[in-house]
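What follows is a set of structures to go through.
In what follows, chain A forms one complex with chain B and a second complex with chain C.
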Partner chain A sequence: MRRRMKQGLTLGGLAVLAALVCLPVIWVLAGSIKSSVELSDSLSPILLENGGRVRFTLWPLFPTLRHFMEVLLQSPSFFVVFWNSVRIAVLTLGGQLMVAVPAAWAFARFPSRGNGFLFTLYTVLMMMPFQVTMLSSYLVLDNLGLMGRQAAVILPAVFSTFPVFLIYRGFTEIPEGLVEAARIDGAGDWRIFFHIGLPLGSSGILSAAVLSFLEIWNLIEQPLAFLEDKALWPLSLYLPEVGLGQAGTAFAASVITLIPAVLVFVMGQDYLEKGIVAAAMKE
Partner chain B sequence: MRDKGGIWRQRLRAGFEGSRGRAAALLGQFLIFMMACTVLSRALYTARMVQVTVGNSRSMSLDHVVEAEGTVLEGPKSAVLIPAGMRIAQVLVREGQQVEAGEELLLLDCEDIQEQLLKKRKEEERLRLQLEAARENAARQAADAQRNQTRAEEDYNDAVAAADSQAEEARAAWEEAVREREQLAGWDSYLAGVQQEDLTLRQLDGTIGRLEQELSDLRQELDHLQAEREQAATGHLQGEREQAATGAAGESAPDTGKDEDAENVAAQILAKEQELIKARAEREQYLAQLSQDSRQQWEQKRASLEETERQAQRSYEGIRDSGEQNVQAASRALEDASQKPLSDSSLALLSMDVEAAGEECAALEALLATEGRICAEKAGQIAQVSAENGRRTTDEPAFLLAAGEGELTFQALLTKEQSRYVNVGDECVVSFDSGRRKVEGLTVLSLTESKEEENRYRLTLLLPAGQAAMGQSGTFRLVRQTTNYSTCVPLEALRTDSRQQTYVLVLSHVETFLGEELTAVKRPVKVLDKNGTYAALEEGAIGAEEAVIVSADGIIEEGDIVRMEEP
Partner chain C sequence: MKFCAKFNCIWPSRRRFRRLLFLLPSLAGVFVFVLLPFADVARRSFTTAVNGRWNGWANYEMLAGNQAFLLAVKNTLRFTAVCLPILIGLGLLTAVLLSRLPRIQTLKACYLLPLAAPAATVVLVWRILFADSGLLNGLLAKFSLSPVRFMESEAAFWVLVASYVWKNLGYTVILWLAGILGIPESILEAARVDGASERQCFYRVILPNLKPTLYTITVLSFLNSFKVFREAYLVAGAYPHESMYLLQHLFNNWFTGLEFDKMAAAAVCTALVMGVGSIGLKRLWDRQGSW
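Let's look at the complex of A and B:
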């Protein structure tokens, strides 16, 4: 009995915390189906700058799907930026798989002094914020003639150090004995990599992919700095362009923007959990 | 036996089990749905977009075509005027009669003309004499005015000179009086002078001086006597001591004669001092009296000089004011004399009357020379006869002569806007029978404001004979070409906003999320001229390369995204 009460209290507390964390998302969902009049009335302190506090209710008085219709059928520019985001995400993820996975395998399975130094360098670079490297990146991209093209956003992300760091952890979990056994059986390095390394390190790879996707889907600084043409901008830069007078449209666009991120997260949730657990466990 | 799927297929199958599989399926469906919406929204967007046709500005001149419906009317009439007051002997024509140029219309009474000529000549002579007399009077008046002016100038100059000299003299007298007053010494100096020159006072001072000298001498003598006495006394004592010391007997007694002399001198000194005191007192008394008398004299003299100065000043001011008045009077007289006489037009009027009388005489003489015959100046038809046998002519026309046979006029009403492009003498075309027959080479005879209709102008032109029938309708057409304008756009491109300002919409490229699109930009313009198809704009309003939106298949406002019309 006491145990059940304890469990109930724990669950209740966690539910309250979860609700608080989810409140912004709930607001977005509620705002996306509210009428324009309701939104204007509740957001007037922000829209008209006439002082006072914003009054936002969760339940709409006059629910409507008009904003979704406006976004999906009357805003072709939304789809331009949506597919830009998809393109950037797919190409970046593909590039990261091509580059980061072999790099992580090399760091994990071929230790040496040089590798140790490089890995340390990778770790330092990973911790640097974008603002620190922005100017040097700008100069390099300009010299390469990539400024104003989506490759200026994709290429630096492809060679990002964060996936290497995550995948490396997964590769280090593979027992050395397994690799030795395969080597004894006559398997070469590439065969060991493709048939043992990739399958057994897939959790790390997929968790890195999920986190990379979420990061790329929300990129703001790199597109803003390197892309001048609005037709090349991703979704994350489109939402601020929507005027405050079209708050309903902005909410609806936010909901649609949220859907792929949620679905990808659901797809990779297990791998993320496994990756976090593996990192926490001691060998 | 090797697994058919291989490790990769197994992994893949395992990877998409459960919620992962459902999420992946949802993601795929979501992406397909988004693809469909992409196509649909783009189609709707394009369908809603306004299609426009554009044109570039051109450099050209504008043709203003003025067309108006009109009617053929009878030709113009001319009046035959005869000097008024002539007796008509005989009227030789009747209404409707066709006459040739130079044909006689009527005969005037020659005797009556003769009489009138005689009267006119007398009147002319009278006016001429009046004119001569007026001219002589005017010349005499001018000479008188000139003489008066000369005299006034002389009077003025004399007045100025006299005023200056008199004022100068009075001023000199005044300054002299001032100088004399200033020269009068102050009281102390005056008194000192009087005292210096007074004999009695000098005598008294002499007496006092003498007494003081005597007194001084006596005191010296007394001092000397006293010194001798003391010396004698001292010697005597010394002798007695020596005697006392030596024991010798005294030989002589002290001398007492010196004492008596000293006493006499002291008495004299005392008497002298008293006498001196008395003399000084007498002097002081005399001095006081003298001072009192002198003060009186001095003040009298001073008052006299001040009065003299005041009189001199008054005299100067009086003379000065009087002189200024005289000068002012002379100046006014000079102004009056210099004024131009009032304008008088009687001479000019008389001259005109003389000329008019002469012209009338000449006209009567001309009539006499032709024996009173009045002839037609040009051929035409007698439209109206106002003259009657035996009556006198009036100011109204004796005959109205219609234009040459068959000559008609075409009249049309133009609007104010149309009349701006039509001038008298312009070449034009009139078409009849619904445009099937045209009469070219016509010229505008007149363009006057219509009295019957407001803001309308009546156009008149002459039609040659045989071109049309009276009352027939036709269409007037005139084309006027303006100067070359550098910026002309189709008339449909002009728009007006709520503030009645004229503007055009120009295509411009704008970067949007959909790439480069076309947008309408508002450009205010000033219209210099326009006809039915084009409008001329102020230079520089639109660039030659800019595309102006001429028409659209919907309503467009500034900033709207548009697209070019499908060919």
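Let's look at the complex of A and C:
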């Protein structure tokens, strides 16, 4: 009985914390279905600085989908920016996997003398924040004539070493005996890579993909530094430009931006958790 | 290493060639986009920005006397020193409580949600919360406390701390949880049989076994702390209140102002600190024994 009560208390406390953590996102959802009148009324203290205080109820007085219609049907600029985001995400993710999967395979399956040093180099690079490599990225992008193009955001990200590290973890878990058996049966390096490595390492690859996607969908520093033309910006940088003055539109656009991230998150939660843990495990 | 030496004898050059084929795209990209340009940055840190002439240590000396740089370093260090213990402690508490419950998938999802939500989507909520006439001040007024100018005072620093903890709590909880669930049940069972109380189990068995996890979480939380710039920039712009002016702001502003000489020197210093730090910590882990 006492044990039961204790468990109930624990659950209660944790649930309150969880609700608190989720509250900002719930507010965004609530804001997106409030009418313009209600929004401008409740936000007027910030917008007009009339001395009042903001009230922001969780449940709208008259729920409406109008802002979504406006964003989806009447604002071509939103579409441009949305597709910018999709393009950047797809190209970066695709490029990352094409580069990182074979590299991880090389680290995991072809041990050689240089491995230790190279791998340490990759780990150190993975830990460098963007600000440290900002100037060097700029120098090379400027030399290649890529500044101001989306390739300036995509290309450096493609060669990020973080996915290599995560996928490597997955590959090292493949039993050596399996690879040896395939080799004895006459399978070449490529066959082993495609028929044993890819399927058995898929969980590590998916972990890397989920973590990468969430990161790319939230890109701010890179486009801010390397893309001057706002028509090329991704959603993550463009959204804050829509101010509180058009709160309804801003909230609806935020919800639409959230949808792909939350979808990937919900479908990939297991892989996400695995990825987080794998990134942290010592060798 | 002995193992690979033996292998190299069996397939000498072919094997190495195949390995290179797999590794080449990544290695080439890393060289072209990161290593070579960074070497150039290191060279530039010893030259003047205007005509590229050799300048010795002058840029580094300039850095040491630069008010903005010192402020940014101080704030970044202070931010780290305040955030890490809060995040790590709160994460541990949450994970320990979670580990006692049977079904926790939904709760975990709630804690992880901020990680998935792009900074841009919640910026509006931040503005509504922390504005002078915003929700938090409304809450303070209800308890008849005087209002706080969150973005225009020392409080800005704490807004930053709160948004960092909010964003990274889930990440930390998952890591702690993996550490806790990785402790073999048999050790805990043995302690209980010997008459250890729940509290003793926690302090004598669970905590000592989590030491390697602590190193990991510290490093990762430190690295993620640099990403707090996103929220900071979106809410407060390029020149926020000076209590939350971080190294990231400084790099960004130097970049916009084309002050590449100082930037190069600062990038080299930061890279050195982070590189030496991460290799040092890796050494420490390796000595800690396995998970």
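What we mean here is this: the second predicted complex is superposed on the first by the 247 of 283 C-alpha atoms of A that agree within 3 Å, B and C clash if a C-alpha of one lies under 4 Å from a C-alpha of the other, contacts with A are read in each partner's own complex, and residues count from 1 in each chain.
As a convention for this text, contacts are C-beta pairs under 8 Å (C-beta built on N, C-alpha and C of every residue); 3 or more make two chains touch, one makes a residue touch a chain.
Everything quoted here is computed from the prediction, not taken from an experiment.
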Chain A as common anchor, with chain B and chain C clashing or fitting: fit
First, second, both or neither for A:Trp83, with chain B first and chain C second: first
When both partners are placed on the shared chain, which of chain B and chain C touches more of chain A: C
Chain B versus chain C as contact partner of A:Glu221, first or second or both or neither: second
First, second, both or neither for A:Val266, with chain B first and chain C second: both
Spatial angle chain C-chain A-chain B, Cα centroids [nearest 10 degrees]: 80
Touching partner for A:Thr57 - first (chain B), second (chain C), both, neither: neither
A:Leu139 touches, of chain B and chain C: first, second, both or neither? second
Which superposed partner A:Pro45 touches (first chain B, second chain C, both, neither): second
Smallest separation in angstrom, by C-alpha atoms, between chain B and chain C in the superposition: 15
Residues of chain A that lie at the interface with chain B and also at the interface with chain C: 238, 264, 266, 269
Touch list for chain B against partner chain A, complex: 7-8, 11, 15, 19-20, 23-24, 26-27, 30-31, 34, 37-38, 40-42, 44-45, 511-515
Touch list for chain A against partner chain B, complex: 72-83, 86, 195, 199, 202, 229-231, 233, 238, 241, 259-260, 263-264, 266-270
Contact footprint of chain C on chain A as seen in their complex: 7, 10-11, 13-15, 17-19, 21-22, 24-25, 27-28, 31, 43, 45-46, 49, 51-56, 98-100, 102-103, 105-107, 110-113, 115-116, 118, 120, 122-125, 127-140, 155-156, 158-159, 161, 164, 189, 193, 214, 217-218, 220-221, 224-225, 235-240, 244, 247, 250-251, 254-255, 257-258, 261-262, 264-266, 269, 272-273, 276-277, 279-283
Chain A partner contacts - residues on chain C that touch it in the complex: 1, 3-5, 7-8, 15-16, 18-23, 25-27, 29-30, 32-34, 36-38, 40-41, 94, 97-98, 100-101, 105, 107-129, 131, 133-135, 137-138, 141, 166, 169-171, 174-175, 178, 212-213, 216-217, 219-220, 223, 226-227, 229-230, 233-234, 247-248, 251-252, 255, 260, 263-264, 267, 270-271, 274-275, 278-279, 282, 285-286, 288, 290-291
